[in-house]
Amino acid sequence: MSDNKLTHLDAEGRASMVDVTDKPDTDRRARAQARVYMTPSTLAMIVDGQHPKGDVLAVARVAGIQAAKKTWDLIPLCHPLLLSKIRVELVPEEPGDGATEAVLRIEAECRVKGPTGVEMEALTAVSVAALTVYDMCKAVDRGMHVEGICLLEKTGGRSGEWRR
Amino acid sequence: MSDNKLTHLDAEGRASMVDVTDKPDTDRRARAQARVYMTPSTLAMIVDGQHPKGDVLAVARVAGIQAAKKTWDLIPLCHPLLLSKIRVELVPEEPGDGATEAVLRIEAECRVKGPTGVEMEALTAVSVAALTVYDMCKAVDRGMHVEGICLLEKTGGRSGEWRR
Amino acid sequence: MSDNKLTHLDAEGRASMVDVTDKPDTDRRARAQARVYMTPSTLAMIVDGQHPKGDVLAVARVAGIQAAKKTWDLIPLCHPLLLSKIRVELVPEEPGDGATEAVLRIEAECRVKGPTGVEMEALTAVSVAALTVYDMCKAVDRGMHVEGICLLEKTGGRSGEWRR
Amino acid sequence: MSDNKLTHLDAEGRASMVDVTDKPDTDRRARAQARVYMTPSTLAMIVDGQHPKGDVLAVARVAGIQAAKKTWDLIPLCHPLLLSKIRVELVPEEPGDGATEAVLRIEAECRVKGPTGVEMEALTAVSVAALTVYDMCKAVDRGMHVEGICLLEKTGGRSGEWRR
Amino acid sequence: MSDNKLTHLDAEGRASMVDVTDKPDTDRRARAQARVYMTPSTLAMIVDGQHPKGDVLAVARVAGIQAAKKTWDLIPLCHPLLLSKIRVELVPEEPGDGATEAVLRIEAECRVKGPTGVEMEALTAVSVAALTVYDMCKAVDRGMHVEGICLLEKTGGRSGEWRR
Amino acid sequence: MSDNKLTHLDAEGRASMVDVTDKPDTDRRARAQARVYMTPSTLAMIVDGQHPKGDVLAVARVAGIQAAKKTWDLIPLCHPLLLSKIRVELVPEEPGDGATEAVLRIEAECRVKGPTGVEMEALTAVSVAALTVYDMCKAVDRGMHVEGICLLEKTGGRSGEWRR
């Protein structure tokens, strides 16, 4: 049961930023993903269009990178940390048989040498990149939705490696 | 075809913040949702626990509200605006038959009197609230995932009403 | 009793950002103060020193002004608003008879044409200006303390005028 | 005299962010407090109310934690640092004999392993938590005031331990 | 002489955020520019390269747009305002005869309906876009420099039209 | 050719925040400058005026220091880092023979012990300080312009020392 406690709440259930002063700096890495569902024509406009080519993806990539750096300001109990790497990728998925929606898959990877992990940073990066895609395309496809925001993998730290 | 253009890209595909100077201020409202999937025991810890009761929900609610106010800073081409209302709700869903995962449903509503809509503000609120729930519970349930981030409804503005 | 409710909590006690969409824009003004207590020699260094003259006061004034503009980001349930005036003043007080501590009095005034008041903006300005004074002088006087942070006056809005 | 200089001003009295490049990282800790004065009925509403229970305290706690992380952005000459712990507590004080006002006491503790102290972070946390309490209760008690913002204790660093 | 006063300083030379409460909202527009000097091969890498094509320009454009929205937070005495348009363009200049350096010209245009102008927003946009170009290319050309940051034109407001 | 690559773009030209996890912390330092051109009477007002004395310079100095700390938020692909020193100086230049414009020269120095350099921080400091001078004086001299934003010197890191 004690292994199960929500670490951000103290013994009386009050939120606090967990003390990591005495945890050693280790190399930590996390990968997360999100999938944006849209009409095939919206995805085509993002990917294949002549003039707008690249910019939706470029803007979303920048937005994801910048959001990762602000994770400590967005998620109240996250520790500030010095991200040493942020990579955000947006890749159209091959449509499955009979699929009526198209999917833009977003993946982010973050690294740090520090006392806490970077799961939240990777998750924040993919979430904000996905919202940015929505923002730039909502005029043509208001029904877009984001699914499957999750951690793919983490390494480093006391809890060690974890893979979905 | 002209109805279909991505409004944040100019004729040559370069990102810009759309000119809304000449659009009238109207009463705009948007509702969005997200659903956080977790183990039933995680949801129980959030909802039924004695001491921690309320705090995960309270922290996530605050995080969602604060994030809505920062949407213009997170989503590069969003306009700054003066949100006049933000409401964020987190409600456990009744589990469906045979469900192995439990669901915490998050809904946000935003309002403004302005020249642009508040869809992105509502979507940002639910996304960051969901990430906050993940952050506070990840030590006990790293496999949590967020699904169904989408707009539920918007009213106001030239494009009028929209409902999922 | 209904006059007594904490407006930022809904009927079930959950925090939300109050809906002000339908409140009219009116001219609102607020003044607040704080008083920083220090040793007389610290105050003398701030005020009378030859070279450092003005800079502690100038930096604190800028810090107060900038903080007022960030009030919506610091106080979770504050509405964003377009401050149209911020004035921060720092004035040494005449020492009372037998006083062993000296006092630097800080006053801020904020104005806006909007649907909500600017009390929190004025209070944030004086608080951060006071902390800045502390920061710049703490190496010589760690026992400094801040007293009497309060609203002096507000005008405008449905609740009308209020004076301490 | 050299012991007395205001460290944030250079020889000509101009503000600068002090050079700490060559100071070693040590374990630093600081505790600060603030006391919010209000009517006994306001404190009762915060503490004893059935529905709103906890939320004023929960929101203020989150606000204090988040503000501590932004200290470097609020106090112009503070160094950025990686806070490793933030704890904010809000506790009603036992009223003294004949007291006509009630008091909510706020205490914050911050830690870091770094070249500079965290006094300002602890002071910022209590100040913003106090302002948040004011904001949430001002509709029922505009005369609330904040007293006694001060450092309680610091440890670590060249100047060593200090206790009020 | 009275026409000559520095408006951000009060009668005693202290900084304050000028009172614009009583100024009417008018349509204001400003254009500013900056010019980044670099080696011809650096400019060629930015513009003609196969793989990196577009991205330096896309990232700088996003950075300029986002910075414009933060002007009130960067320039201490600027008023917050609701930018209704931001456009940032980066265009390689035709090299003059015998020029040994190449030039990337950056232009920004901002608009608002408000009581104050948007000169600082346009100037901030070009400055940060220029710094972003420097950042992305500094590994190959540390000697790059930025020249000619200036206002090109402003319209609206009491002081009316101004053109360089 | 490989020496020439733009380090912030990956092999396919997409922006990413370069991985510095495995680079050692070293003592890094950078100095940058900017020069603000104005009418001689504007410079005289800044420097020689009786009452406003010092404040334009003091505000610009604070603005430059605070901006340096936000470089990671302004320049999309910059790493967050813990600046250990920021110094910003504003010095009127001796006018050259026959000069019709006066010049305020701004210099900034930043230091950090870290895996990446602080060139962008020093450049951001001088740029924002220069914009702040423009803002405070634009009512009397709208034709002011900023020239010569450049790196003066950097030390530390794998690429070693560099001097203009």
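For reference, chains read A, B, C, D, E and F in written order, and residue numbers begin at 1 within each chain.
The rule we apply is simple: a residue touches a chain if its C-beta (ideal position, glycine included) is under 8 Å from a C-beta of that chain, and two chains touch if they have at least 3 such contacts.
Because the structure is predicted, anything quoted here is derived from the model rather than measured.
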item	value
Chain labels contacting chain A and also chain B	D, E
Shared interface numbering between chain D and chain B [over half = same, under half = different]	same
Centroid spacing, where centroids are CA-atom means, of chain A and chain E in whole angstrom	31
Where chain D and chain E are represented by their mean Cα positions, the distance between them in whole Å	38
Centre-to-centre distance between chain F and chain E (centres being mean Cα positions), rounded to whole Å	15
Chain D: positions in contact with at least two other chains	14-15, 54-55, 58-59, 62-63, 66, 70, 76-77, 82
Chains that touch, pairwise	A-B, A-D, A-E, A-F, B-C, B-D, B-E, C-D, C-E, C-F, D-F, E-F
Of chain B, residues touching chain D in the complex	54-55, 58-59, 62-63, 66
Touching residues (chain side chain D, partner chain F) in the complex	10, 14-21, 72-73, 76-77, 79-82, 114-115
Chain A contact footprint on chain B (complex, rising order)	3-9, 11-15, 41, 45-46, 49-56, 58-59, 62-63, 66-67, 70, 74-78, 119-120, 123-124, 127-128, 130-132, 134-140, 142-151, 154, 162, 164
Footprint of chain C on chain B - complex, ascending	27, 57-58, 61-62, 65-66, 69-70, 82-89, 111-113
